[in-house]
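Chain lettering (A, B, C, D, E and F) follows the sequence in which the chains are written, and residue indices restart at 1 in each chain.
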Amino acid sequence: MLDLAIANLSSPLILCFVLGVFAALVRSDLYIPEAAAKALSIYLLFAIGFKGGVSVSDHGLDATLLGALLAGVALSATLPFLAYGFLRIMSRLDRVNAAAVAGHYGSISIVTFVAATSVLQDNGLSSEGFMVAVAAAMEAPAILSALWLVSRDGSARMDSKLWREILLNGSIVLLLGSFLIGALTGKDGLAEIESFIVSPFKGVLCLFLLDMGLIAGRGLRDNRAMIGPGLLAFGVVMPILGGLVGVIAGAGLGLSTGGTMLFAVLGASASYIAVPAAMRVAVPDADPGIYLTLSLGITFPFNLTIGIPLYLAVARMITGA
Amino acid sequence: MLDLAIANLSSPLILCFVLGVFAALVRSDLYIPEAAAKALSIYLLFAIGFKGGVSVSDHGLDATLLGALLAGVALSATLPFLAYGFLRIMSRLDRVNAAAVAGHYGSISIVTFVAATSVLQDNGLSSEGFMVAVAAAMEAPAILSALWLVSRDGSARMDSKLWREILLNGSIVLLLGSFLIGALTGKDGLAEIESFIVSPFKGVLCLFLLDMGLIAGRGLRDNRAMIGPGLLAFGVVMPILGGLVGVIAGAGLGLSTGGTMLFAVLGASASYIAVPAAMRVAVPDADPGIYLTLSLGITFPFNLTIGIPLYLAVARMITGA
Amino acid sequence: MLDLAIANLSSPLILCFVLGVFAALVRSDLYIPEAAAKALSIYLLFAIGFKGGVSVSDHGLDATLLGALLAGVALSATLPFLAYGFLRIMSRLDRVNAAAVAGHYGSISIVTFVAATSVLQDNGLSSEGFMVAVAAAMEAPAILSALWLVSRDGSARMDSKLWREILLNGSIVLLLGSFLIGALTGKDGLAEIESFIVSPFKGVLCLFLLDMGLIAGRGLRDNRAMIGPGLLAFGVVMPILGGLVGVIAGAGLGLSTGGTMLFAVLGASASYIAVPAAMRVAVPDADPGIYLTLSLGITFPFNLTIGIPLYLAVARMITGA
Amino acid sequence: MHKTHDAKRVAIIIETPMQSRLTDALESAGVTGYSILPVLGGSGKSGRWSREGQVGRAGGMVQVVCIIRPERLDPLLDAAYRVVDRHIGVITVSDCQVLRAERF
Amino acid sequence: MHKTHDAKRVAIIIETPMQSRLTDALESAGVTGYSILPVLGGSGKSGRWSREGQVGRAGGMVQVVCIIRPERLDPLLDAAYRVVDRHIGVITVSDCQVLRAERF
Amino acid sequence: MHKTHDAKRVAIIIETPMQSRLTDALESAGVTGYSILPVLGGSGKSGRWSREGQVGRAGGMVQVVCIIRPERLDPLLDAAYRVVDRHIGVITVSDCQVLRAERF
């Protein structure tokens, strides 16, 4: 476990993230243009979705897929309540902000997921291809729970337009779309574009993590004051908890070690794209400085550095691998 | 032929395009930043031009090149008259709009060309490298014909500045420039940058087609009302006709099956970059909602899905391969 | 030497640059979006830094590194005085403009460095990995010298904010950061991202040089009038001189032929990113049309086409290889 | 001399996730034309922000500019206000002249 | 207090393919300075548009902004009008004050 | 009818390398809000420029826009002037109305 953590910490991926945080903290003017960052993220979503689909077309679908999807949706919908409870105990956040933060932790971070698949690969472990679909399925339910938590005092606004925006947001459509394309075209399709989506993948992820580091570092720099010790603790404890629930779900479904670990990562990770956008629309009174700093500045780095090896170790233990 | 069509429809390229159309139609916020789309197009132009040049340096130039260039220019210059006639019969477009649309169909779509080369490759067919130069040569003449058609009633504005813009537009310069670089550096040059312009090519094309799907879908969504049944029919019949003329030209010149098919694709495809820009300047009264929707929303998808395998089948027949 | 120059001139790299210059001079609308150009430069800095670091981790550090760093700093700090003297003799530039130009020539151009490493590789020569760190170290000292030259008559403004901006500018942080990451992760790290940062490297450099050509050509087109014969001569003589000093430093330190040549390139090349930005802040009266045109429009193309093979030939001679 | 006509220029800086809601509301209020300009960054009560390196749209803002006839100002402001309301955003109105008034 | 001078701010939203024709015309009309701002999208008589994912320039618009002395307004509008004429585009003029008037 | 309040709109076009110095100075002068808009290119005494394909920031400009209460104009102009001073840049001030004046 310690070995794994150290190996993880000294991978180019993590070091690129650290470089980004460093550059932001010392106020270097290093930056990745918005269009380039967006292009990198499109590449990663497309590649991870496609490869997931190919793997499903390869191994075939079984009943576990449905179970995993349902478990994922359930996890996403219920984790916000757990998070909300914790926040009300551990921090002084008001209800609206606590609910908004809670929504982020039920949902998922696809980069954390991508980084985890890359760690799996380094460890020679495979995973169920459909976990990509589970990831997509887990994006939205948490938003519903968060809005329900908020709306009890009438401060949330929900309309059908928002529903469409959440369910058809670009990441979900691209992830599921490329998953389907991968599933339909299978190994032949993969062979056609392998040297685009497989070989350079890790390098692209490096640059993307550099950008994530820059953004996370900038967030920390500017919003440090908002994160008291209670929130800080939450940002570390909540992913561990979510990870544990995820491990249990994964193992309970009989997933492979890799799949179980990915389930943990989905439980542990916090959204920083889909949920913030929905919250800005539906819960404008919640402060993005709080939920973005927690999700991107605390939980994301925690998962990337300590969380992922931890979840892998636990998944290994529990699946007896 | 049916096999080919099905194989074509289930390739990642087409599916990516379909995904883009789908995302646009359901109003997902999936988008590719303008700078990224432009970068992808620069990559594709550079790669296709360079590889064409290398192939010419490899096989040497022969008299066919000149013939093909002349035939291409003639095709580009005359197809607009055919298109114009059809439009005046099949649709209720006024002269100005009909001429503007006609110009698009004489000119070419380089992405369609690129997609066609990729289909050739999948079928183990090669083609004359100089077809890239033919493609470049066919961009502009059609504009002249369209302006001539318009100017009969004085609504077109032509100046020397526009001439320079058309003949030296970025795509032509990049395509011919990289073609020359490829021809000058040959196989050695290709070896140096092969893993940049050859291996990832198809994957890049996938993402570009995703973007094309997004734009085509958005165009269809917003301008559906403009395209009556007559125009719709034109958008499908005209490429078949242009393709036939192209096949005849290619076979007449004694090109290979691949080259003949590419000639058909050039005849069949409609411009959506160079010609629209020229029309905005010279024929401001023509409605871009009509010509862009026809070219991008009807003819491009038609060529991509049905046209390309059709032209290949016909080229095979006529060249006896 | 002539062979080398001709081989150099007919490489895709140079030809892409030439294509860019040509497109700018004929006023084609070919352009590379700012975000894409920035993304290419981030890729190049990351890749060159990383590979330098891996090479250091591979060969180990020795005393030469320190010597090379010190020599680099000394070169960067003193070359501006040489350049200033020349400029006052050879041209009619006033003190402020002469000092500003001089600062550019003490500092370095990382693209020239990158292009040089690529020429080394084509010639089967290796070089000391730490030269990347030397390059980073040479960016800033020249700025100090230039400001000292200017400030004698009080027209320069220097504040601590500017210091931070210069020392922590994005290129330096990314170059040194990826150098460190490469040094820390070594060959294993490289293996993970090799197909991203090694294989496509030269192709990316081609596109970047196309962009450099576009910018240099545009600068030449718009500012030709500012560059009299004196400045033109300076733009060619100064790099030869700086290159010579660099060769001597490199050979004196006992570097390999490759390392010696890279030292020459660092001495010969002129900044076009870091120094201009600093000059705009600190010496607003100096005319960017002069220093940018000289650096990008004269010296950069000279180094790329004639300089690099020249420095290599001299380095070979002097190191007896 | 060119004949110009009095008009109002309304500029609304608003969060990107609210953009389509705003333009929908403007269209419902009878606004026939508007343009959307990018905003790179800024500062306000809710702190500094910048678009650099962002992937999501939650963090950004855009500026929606409408040129309208003076008599249409009130319905427009009503519509805009209803959308911006509890959201961050700045609404300014200024006088201007337009050429080709027939297009408004 | 800073001394400011009356000036006019002319903002022209115009199709990208016409941009260089407009700036050439402005320069011929003696305009010594202008800035070009990007426009992301918009809506008007000819429908909605957006730059997202576009490769060609035909579909986009830019905003050209000139600050000029009031007495120079008429030749500028003449020049701008001649270019925009049958093209889509919006021309607005508003009053402003400039610092450093010697630069205009 | 919506209650609007008089305000000033200050727009400063300034070189990108000076941007953070300007916004720092504005903040020191008590300006609580501003937005930064991109500028694609332009022309002036120092010639034409364009951001296309640029890698460094030296060559570009941005536009900083502040909406402020009229009484705060002078300190703002002082601060802006001190930064722009010998640098290229255009400072304009115009009148406008704001909604939600409590936010300024």
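Criterion: contacts are C-beta pairs under 8 Å (C-beta built on N, C-alpha and C of every residue); 3 or more make two chains touch, one makes a residue touch a chain.
The shown structure was predicted, so the numbers you read here are calculated from the model rather than taken from an experiment.
Listed by label, the chains touching chain D and chain F alike are E.
The greatest centre-to-centre distance from chain C, using averaged C-alpha positions, is reached by D. Taking the mean Cα position of each chain as its centre, B sits at the greatest distance from chain F. The geometric centre of chain C is 45 Å away from that of chain D, both derived from CA atoms. Per-chain CA centroids place chain C at a distance of 38 Å from chain E. Chain C and chain F, compared by their mean Cα positions, are separated by 34 Å.
Within chain B, residues 29, 31-36, 38-39, 195, 199-200 each touch two or more of the remaining chains.
Annotation for chain F: residues touching 2 or more other chains are 37-38, 57, 94-95. Of all possible chain pairs, those that touch are A-B, A-C, A-D, B-C, B-E, C-F, D-E, D-F, E-F. Residue ranges on chain C touching chain A, taken from their complex, read 33-36, 38-39, 42-43, 46, 50, 164-165, 168-170, 173-174, 177-178, 180-181, 184-185, 189, 192-193, 195-197, 199-200. Taken together, the chain D residues at the contact with chain F in this complex read 13, 37-45, 61, 63, 74, 77-78, 81, 84, 90-95.
Here chain E touches chain B in the complex through residues 15, 17-18, 20-21, 46-48, 50-59, 86-88, going by the rule given at the top.
In the complex of the two chains, the chain C residues touching chain B come out as 10-12, 15-16, 19, 22-23, 26-36, 39, 122, 195, 199-204, 206-207, 210. In the complex of the two chains, the chain E residues touching chain F come out as 1-2, 4, 7, 9, 23, 27, 32-38, 62, 67, 94-100, 103.
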